[in-house]
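Shared between the two complexes below is subunit A, which has subunit B as its partner in the first and subunit C in the second.
Moving on to the complex of A and B:
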């Protein structure tokens, strides 16, 4: 017991000394946020007809899928009894926000994302099933699900259904991530979490981080492919990122102002925590580096004329900073919410281990995994513009 | 000679009979049936009363509980806190300690002009438990006799309930990797005994109470004393009632 008590400052209930949710639970909202954000970006083009972001449309969908496939892994690794996790589907407890995760996740994965990707890539899959090398041809044949029909009429139907799926997908993406916010926001025992703003703040930060990740992947992939960046697309993403991030920041400031002004029972304790144990991750990384700096950068790109090269660096740097800042935000919510005692009389410490089941190494591997999956998905279903596609015309062709 | 058709028919009949056969072989026999319990859950509604003025911080309850329930060291189904209320107006919060959950009582500590007292704590067996609400599989549940229990064979170890408990009463059992907490010694009270902590308390600071029993002294206790529960603003329907609870206690 002795080494454990040294982590404590002031008084904590004895069972509180040990933190319950680790860095893996930080990854969970971070990754689902990237999924929701990437999907919202894709829907910008599809539903809201923002034509400029077309070059990232299919890439955004594949990015969302790659991250979505990884999203449940940190949860599984964290559970004391992962072998029982299936019980959540068989005997869900209806009053539990967490029990709904499986259903929201499955709905989003199967009914929205996979469906939309399949519809959107169907023509490519059919063409590839005829032209790809023999081993791959079988995979594509399997992916066609037996339909080789790519007539004008059938593609129109795909397009129509795909549109409907996206329209359904937008509230689903909001649900997927808003509900992750609700998991935290509905814990009345924890004043750092308990606020009705939590799902909305989570949602807007998710959109910001999702746009950032697609923007960075798009820039990196274009460079790797030695192609020219579509600056109109990049500028549009930059301005959307700016406006959405302004909303995100405003919401967080509303929450902060409200807390400071109300100065409720927990305020002193939380205020002390932000100025001590959370100072670096909250003030320095989340607010200054992760929010104010990228807002200033993106804002300046809106206000002043800049050369193409400079705009590229502004967007890349802002994207990186926003992703870091939003990771810090998740960290501050999940870890920060467990550093103070519910007696408001003391603080504990989170000791991040390295090569353990819930350590830093596992977290790093889990963050690399979606990029490997994305690489495989991009190989399987190339999302890039090709001359053949453009020549083929139609929505599907023009879209890619 | 058996034709193929007959063989299939016989096999089909056997197949249909399989569940019946299983039921037959697994039927409870008088030898292994548990003795019928006389305990009627519907007739009880358990609670506890704690008299702060009587607690001397000896830690007997903490040790008694740990022995009775094999509580792993470093984790607590019950513990005792020592409060030294703030000396107004210089300090704005009390000094609180609970070394090793008071497993070995408290070392002497003097604070001039301070109001000192001990606060025993345990699961409040809430009637509207936030922990039960959040459990994704219903492994934590409320019993008809007013207790909150955990099905250890069903708990995922997701720890959401630990986060949801405002009182810090839950922990993850380091070996079982499932959540654990005070059960009001259900194995004892359902046999007509009192909880281990009540049993070993030398001053009678804790009393097990049955709110459905009209003759239980709890009714007089609640009527005649200023009584409070912990964190009433959480609206958890806590059923551990404290007499003489100071406002500084959290």
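Moving on to the complex of A and C:
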């Protein structure tokens, strides 16, 4: 019991001393955010037919899938009885936000993402099922569902269905991540979380982080493949990133202004926290390094002419900073929301462990896992062979 | 339709998945789930079938009216016998066979009276180590009526 007194400052209720939600619960909104962001980037290309970002379209879809598969894992690791989590599908309780979220997740995974990827890659799958080495051929055969039909007409149908899936997919992606924000925003007992703006702030930061991750993966993958980067694509993504991030930043500032002006009973306590325990992660990492610096960098890339090499480094650096900043934002929400007492008179400390089930090591492994899955997915369904896509892509949405 | 065969198959796959889900659900969700609420109806019988641990204050009184009378006069009147003596149903049913172990007052009394800032101010609290210095509480207080006899005269 001795160390408890070292963790706590001021008045803390006994159940508040130890944090219930660890770094894994920080990862969970972070990873779902990357999914939603990557998907929305892909949808942009599809629905609004932004030709410039096409080179990243399929990559973004696969990235979304890789991260989506990992998204529930931090929650599973956090649970004492992970196997029981499946009961929420069998006997869902309608008043439980988390149980309903399970269905949103399933819907998004099966009906949106897998379906869209399958439709988009179907031609490649069929072709690969004819040419791939024999062991792999069986996998592709299975994926074709026994239909070798890649006639003009069938691809056209695929394209139209894919378009519908995307259009349905956009609100689904918003729902997926809005829900994560909702789970925090609806905790009315916690003034740090409880704001209706939470889902929206989460969403825009999700989109920014998703675009960043696809941008970085695209740059890294192109370098690994020793190909030339498509600068038009990068520039377009850079400008999206800039505008979306401006919105994201504005929303956060609106929220902040609102809190400062309202100065509710919790304000002093939260203010104190931001100036003490959260100073580094909130002010330094989230606001300065994670927001102002990339905004300045991306903004200057919009305003002034820069050489290609310089633009590349600007984008890469901003992408990294934004991803770090948004991780810090999730951290400040999840961990920050548990550091102060409901009495507003005391503060506790989060002790990040290392090699425990909910420790730093688990978090690092969970962050590496999506990249391994992505690697396997890219091997299975190479997103680079855009030839097949272009044949059908020109007609995107032409039927609507 | 011929051109959309693969889509039909995909739809069939989804349908099969959905049916499989329903079948599995039928198999694993325990019978009677949801009959009275969001739980398994049979759980009520299971719980009912478990052995009773606590006999209740009234049962003790039937045989121990001495202690009851003492208790009823003091400040512990509202404290149930088994809050201090632990679950004693087996003793109440077979008093000759099962004899309760008398509680150690140093541990027992402190579990309620050890001072803690989270407790209401008007609840009597002491810092046990300062207050009794390790002596059992019963050497000064009578557990069933803890007011000190010395105070009675005053």
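Some observations on this one:
Following the convention adopted for this analysis, the second predicted complex is superposed on the first by the 384 of 400 C-alpha atoms of A that agree within 3 Å, B and C clash if a C-alpha of one lies under 4 Å from a C-alpha of the other, contacts with A are read in each partner's own complex, and residues count from 1 in each chain.
Assume contacts are C-beta pairs under 8 Å (C-beta built on N, C-alpha and C of every residue); 3 or more make two chains touch, one makes a residue touch a chain.
Model, not experiment: these values are computed from the prediction.
Once the two complexes are laid over each other on the shared chain, residue contacts for A:118 go to subunit C alone; subunit B is not touched. In the superposed pair of complexes, A:343 makes contact with subunit B only, with no contact to subunit C.
Residue contacts after overlaying the shared chain place A:99 against subunit B, while subunit C stays out of touching range. Of the two partners subunit B and subunit C, it is B that touches the larger number of subunit A residues.
Residue contacts after overlaying the shared chain place A:14 against subunit B and subunit C alike. Of the two partner chains, subunit B and subunit C are each touched by A:91.
In the superposed pair of complexes, A:317 makes contact with neither subunit B nor subunit C. Residue contacts after overlaying the shared chain place A:221 against neither subunit B nor subunit C. In the superposition on chain A, the residues of subunit A contacting both subunit B and subunit C are 11, 13-14, 91, 93.
Across the complex, subunit C is touched by residues 11, 13-14, 89-91, 93, 110-111, 115, 118, 122, 144-147, 149, 151, 153-154, 157-158, 161 of subunit A. Residues of subunit B that touch subunit A in their complex: 73-76, 79, 81, 92-101, 121, 130, 132-138, 154-160, 162-172, 176-178, 234, 250. Those residues of subunit C lying in contact with subunit A across their complex are 2-7, 9-10, 13-14, 17, 21, 24-25, 28-29, 33-34, 38, 117-118. Residues of subunit A touching subunit B in their complex: 1, 4-5, 11-16, 18, 20-21, 75, 78-82, 84-85, 87-88, 91-93, 95-99, 101, 183, 187-190, 268, 337-338, 341-345.
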